[in-house]
Amino acid sequence: MDSEHGKNARFGMVIDLDRCDGCGACMIACAVENNVPPGHASATERTGITWMRVAAVESGQEYPAADVAFVPMFCQQCENETPCISVCPQNAVEIDPATGIVGQIPQRCLGCRYCMTACPYHARYFNWRDPAWPEGMDRQLNPDVSPRMRGVAEKCNFCHGRLHAAKAKAAAKGSREIDPADYVPACVESCFQNAIVFGDLNDHESEVAKLARGADTFRFLSRLGSEPKVYFHSTRPWVKEMAESTLTRSKKENGHG
Amino acid sequence: MDSTLIPRGLERASFGKFLLWILPWAALFGVGLYAMYLCLADGLYHTNMDNRFAFGLWIYLDLTVIALGAGAFFTGFLLYILHRRELSAVINSAVVLGLICYSGAVVVLMVDVGQPLRAWFTFWHPNVHSMLTEVTFCLTCYLLVLAIEYAPIVLKNRRLRQVPRFLAFEFELHKVMPVLAGVGTFLSFFHQGSLGGLYGVLRGRPFAFREELGIWPSTFFLFVVSAAAAGPSFVLLTTWLVQKITRKQLVENEVFMFLGKVSGIMLLVYVFLKAVDTLVWINSTSPAAGFPAFEYYARTSFGTWILFTEIVLLGLVPALILVSGRLRAKPAWLFSAALMTCLGIMLNRFVMTIQTLALPTLPFDEFLSYAPSWEEVATFLAVLAYGVLIYSLTFRYTVLFPQERDLLKH
Amino acid sequence: MFGSGLALALFAGWYGFPRILYRSETQPLQFSHAVHAGEKAGMACGDCHVLDAAGRFHGIPGTAKCAECHSAPLGDSKEEKMLVDDYVTPSKELPWRVYSRQPDNAYFPHAAHVALAKIPCAECHGPYGQSEAPRVYEVNRITGYSRDIWGPNISGIASHPWEGMKMDRCVTCHATHGRRDGCIDCHK
Amino acid sequence: MPTHLTRRDILKLVGGSAVGFFFTPVPWKLLDDTSIWTQNWSKIPPLPRGERTTRYSACTLCPGGCAVRAQLVGPMPYSLRGVSGHPVSRGFLCAVGLAGHHMAFHPLRLASPVRVDGAGDEAKVVPISADAAMRMAAAKIREGNGSVALLDCQPGRAVSAYYEDLARMIENGLYVTAASREDSTLQALRSMIGEESAPLGFDFENTSMILSFGAPLLDGWGSPGRLERLLKGKPDRSVRFVQVEHRQSRTALQADLWVPVNPGGERALALSIAHVLLMERPGRRTSATTIADMASYKETVARYTPEAARAESGIEPALVRQVAEELSIAPASIVLSGPDAGGGPMERDTEYAVAGLNLLLGNVGKKGGVVFLHEMPGTAGRSHVVRDIRDVPDHSLNLLIIDPASSGYAVPWKSLERKLCPGTGMVVSLAATMDEIAAHADIVVPAPAPYESLQDVPTQTGASAATFGLSTPLLPADKRSVDPASFVAGVIRLAGFPLPVPQCDDLLKERGRMIHAERRGTIYQPADGSTVRVAELAQFDELWTKLAGAGVWVDDPKEQHEPAEASLGASMLQSRGGPRRADPGLLLIPYGYKRAVSGAAISPILSKLSQESALRPGAGTVALHPVTAALSGVVDAECVLLDTTNGTMKLAVRIDRSVRPGVAEAVAGPIGRHGADIMDLCDVREDGTWRMTNANVRKA
């Protein structure tokens, strides 16, 4: 759909789970880019803020046949009946029709956490305490992203600060169309394995659109019908099976025998 | 000491005894206030909630007290709209209970949200699609209605009646009471439903998600009906409890019987609807989302026993007791059944809030557990203490049970 | 008695409240836009307030920019001497208070408005380019924002189109121009 | 106007005011302003403002030397990323490096030199002056009791050569490095071919098979981008990669073939491969090198038939023969060993057994094998045999000065402590942050944090050509820190050895001049991706300007020739008992991720990797196979006690099916604030290894 204000895009990603080696660079690049503070000493897997989180999923086989898939999990940018949007009582979450990006506005958020219970991907994080940086590190914040205050939810927005910069660069040249090379999210940029391909799904010729249509590409919880724009790719049969299964006994529960 | 404040013709315990009763509750309330202060001033990390268990004890409390507080709207509805005059004996008590439950819920909600100073944004930038918007609007409006309904009870106090304007005001209020009851019923109906919808709309939580009937998920209606069943039972139970504590008869036995009957009929309807809903969910809704329903119950802590307890033990059983005139006539059966009804509804709210969040959604998720922190528990208990305090004060200084004076003469 | 209470509240609310709410601060230098933008120097806004090729707007220029002309006093004004002696010579930045500074969470791309939509500066900033001296800078004691964000009138009603820079101003203008934007287009 | 106010009047006044109040802006503006206040309160820091600039530098957190493109706002870097065309790092920047700019503001950053009195929980830290620190260290040198050692964990830098010179000036002065990590195979080969100073490298780019014995090639080895790009960059890579390792490491997971050898069975496996090559299919590949000790080597190897070695290595004979077969037909291959960053070095005989395979296969001095490099300009005549600290006799050091540069590998305190003269030995640690080695030192002197000073990036271990680059400062210098070279020089001067103190920059420039004089190689410039030949640069200043812009010099390749003669170190391979048995308890195997084994010296943001995501378990956990756990009667997430003969530690259990049964895998790194480490429980043996320790797990 085109308008006088430029083409509408649907930004999305395809992540190759066979390429991801779980190095964690994307998580750190994301935190640095988006001014996510270092976790408090008491932060845990369940209270810390990681817009981008890589889960190590085990195949369940024994040593030495055991296999691991590293699954980067973050906001899946659902397109249809986006679970977090309809529940927010005060419109702090919305989907941008021009980019398809699901945005979360911390300034509007009252911290009811309803969106967090609604998100099946657990991609939303709450600021349980005020953000704190060690003295000096607070002067190293990314000037393009505002830090969030205590008591609000936050999540991945495909590095919106970088989209702003790309748009401003295009605007300075008198154009409304951004150069795809100018808009690359931090996780994609930091991934040395090129496991993440990012781009406009509306552009059928783009690499991301081709990969999304390709074989061995799937989405997590696709049967919920929320049409996420983040796709995954793997040729390993057990990974595909895992992705489509429900309530598989987890790594920890497996541990109990 | 405070004898000039106590309504004429009523017997009340000595002030000292009353103080002895009040003080522990006040202390509990104080501890809760301190816990609330910690959460408000320092941040919600004082709770044991986390990103995965984003709703905890407090939301459970809200859902439960509002279901139990439904006695206010349903009694009002029966009295003012359906003209069941016998309920005028408990209407004041029901209103006070409603006010306590609703104001307690609102206070806890304000502590629960991360940025209470921005709570008014819901009114300024409302998202009409959100169940929580519906809840907020109805809750606020209904709280106002309850406050207005509560006013005449307070204004009837001996000392306050001396001010002529208050008397006139109270008289005027009485005239609009049926209107208020109507408005209250409407509002209450909606937000009970919306609270049910709160979880029913969660497409991402197949355990809670329900098909839509009209524009609301089925839980919307189930919550309305179940609240209507629990409300009268709760009024019945509290009244009985107050009778036990004060060692006085406050209402005639017929009132208890009538409340029990109402509760039983509503509960029977509810159990039937709930059973239908559960079957539809097991056979259609949940599998459609890719989740075979019985896998939810494959966890040791939440087996199918919880479903059975909720629907049969604490649903069908008390419903049958309450609708049976013979059993209802026996106080032990009546009060046990009322208690079971309340417990059943509390269990239902627990399943909706806590079990939903404990269950995994992603294939590599883990089953989660959560235990509230002392700050959460203290806040929870503060609401309880607050309820006891308000109820005790109202009971002491106003005519909460109009039949009390007459029964005293007998 | 009721009337006097009413009057008292109204007076306190409308007259006293804004005086308590805002704190006044003076600018470090009595800079005259009129002199620079007028016939004498004939400079355009963009000469000092630069929009670079990457689309970044550089707001108030640094002392280095002033020093391009004022490495030594050009005239005999006291302010100019102060500029040269206190800032240019020791190469110290001027601690300007920015009337239109938005909070950190707001993102305003000058590129889109100036280069793309060709909106004149004065449409948002008013006739500030012709001012003889900077106004008193007022800061909201609660929020820490410049008073210009809310606008000079405490009621929030603007008597000129450039008064007030709150979000509703952006939204209204965007709506009239048929732009449909998401929140995160202007928030960061 | 009424003369006196009645109560009713006051009520009316209040009522009027209350009504009026709602018709003033007060309530509404306050409602608005308070909510805005929450969006901008002082509890969230203001965003930095200023000019945006881009600068280039290199990461010095480990010897990997990854190139960095930094974005700055005003004087502060706020974002680091890799440089895609860079000849050393090839665009790579790891999770630790991505947050390298935070290090200067690490909460454990040292503010002044300190003296540490006492140890462990009772340690007291007393600030002293830099002069006092120097005097105390100098006094130790003057005592003349025992040796004085300078420990350099990133050898090959300009300052390394300077340290070597300084150490030589002192009687009993030693210049030592921590156990030769990535370099172990090359070290063994140097002594095998009798060219102790030969600069060697691996020609991974032209090889067709890599057989690695435990080297974490895909988890931070060398300059990680090199192997990551080679082994994972193209989907249709032509290199066959076989990993021999006793645990399912990240490298093992990604190898074409993982050979899950028994812990400590690497030597037997290498010898059984040699057996197949020599005895079963001899003469497939011809080597021009004459092996001096072939007879005795064959004698040793003869005993290691794949069947006989199986008990020790745990590997099926068929698999051994398959790997040997692949090696023998590969046009070019590389066989190397290496320690895990937390698991520490391998035993010397294992290193020799592995390195020897290269000579058997004729890999040395050949394209696609182990290649000879040109000498790094400025190091001619300098011995490449840097003394390894594990070769320093125990209880012989009176003073140990530790340079702040880190190898990225764990250095157990016990491995250093045993070298000290009992009672008198003093440790001076130069460190930017109070890391776990510094926590054990007697004196800690604050050093510049990464990006605070000009540093050089020396040639990478295993690189196929010498390189030299600069890590240019991105942050203003910290006035509290002391330049390590000046400090060491100052100590030695105070001890009575007169010498001029050079500036670090001078040392670097000196090396630059020598590179310019050699006129070999090219310089890559990250800013525009261009390359220029050194020979084209007439003036030294031109070269220096390019280096100062974070350019990197890459030497030309050298003509290759196979060594004429070599020995296989057969004498070393003979003496060895059987494998270490775990029965009846468990085998404690520490492991870690390069650079992250030191918890104090990584950005606090890295907590996301372990605490906040569990992607990489943090120190303080022990992983067990479910069967092992069941036998020990422990369950997941439980707190357990891990016992060894060295003590007991409380750890959290992680149940993991990918862990070898009978093994307790523990992450190296500090636990808690007082520098406790799993290595405190490990047996640090005389040969400087601590890979395996008998242990026991029980319920806490």
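Chains here go by letter, A, B, C and D, matching the order in which they are written, and residues are numbered from 1 within each.
Criterion: contacts are C-beta pairs under 8 Å (C-beta built on N, C-alpha and C of every residue); 3 or more make two chains touch, one makes a residue touch a chain.
Just so it is clear, the model here is predicted, and its values are computed rather than measured.
Undergrad: By the contact definition above, name the pair with the higher C-beta contact count: A-C or A-D.
TA: Between the chain pairs A-C and A-D, A-D carries more contacts.
Undergrad: Mean of the CA atoms for each chain, then the mean for all of them together: which chain is nearest?
TA: Centroid comparison flags A as closest.
Undergrad: What's the distance between the Cα centroids of chain A and chain C, rounded to whole Å?
TA: Result: the chain centres lie 37 Å from each other.
Undergrad: Please compute the C-alpha centroid of chain A, do the same for chain D, then give the distance between them in whole Å.
TA: Result: the chain centres lie 31 Å from each other.
Undergrad: As a quick test, compute the distance in whole Å between the mean CA positions of chain B and chain D.
TA: So the centre of chain B lies 61 Å away from the centre of chain D.
Undergrad: Roughly how many whole angstrom separate the Cα centroids of chain C and chain D?
TA: 52
Undergrad: Where in chain B do residues touch two or more of the other chains?
TA: Those would be 115, 118, 121.
Undergrad: Of all the residues in chain A, which ones touch at least 2 other chains?
TA: Those would be 44, 47, 49, 55, 106-108, 130, 146-147, 149-151, 251-252.
Undergrad: Hey, what residues on chain C touch two or more of the other chains?
TA: Where chain C meets two or more other chains at a single residue, that happens at 54, 56, 103-105.
Undergrad: State which pairs of chains touch, listing all of them.
TA: Result of the pairwise touch check is A-B, A-C, A-D, B-D, C-D.
Undergrad: Across the complex, what residues on chain C touch chain D?
TA: 1-10, 12-14, 17-18, 21, 54, 56, 58, 103-105, 140, 142-145, 150, 154-156
Undergrad: Show me the residue ranges of chain B that touch chain A in the complex, using the header's touch definition.
TA: 42-45, 49-55, 112-116, 118-119, 121-122, 124-127, 129-133, 136, 198, 201-206, 288-292, 295-296, 298, 356-357, 359-368
Undergrad: Which residues of chain D touch chain C in their complex?
TA: 8-9, 12-21, 23-26, 29-30, 33-34, 36-37, 39-40, 46-47, 51-52
Undergrad: Touching residues of chain A toward chain C in the complex: what are they?
TA: Of all residues in chain A, those touching chain C are 4-5, 92, 94-99, 101, 103-108, 144-147, 157, 160-161, 164-165, 167-176.
Undergrad: Give every residue of chain D touching chain A within the complex, in rising order.
TA: My answer: residues 38-39, 41, 43-45, 47-49, 52, 73, 76-82, 91-96, 98-99, 101-102, 104-107, 218-219, 225, 228-229, 232, 248, 250, 253-254, 258, 260, 603-609, 611-616, 625-626, 629-630, 635-637, 654-661.
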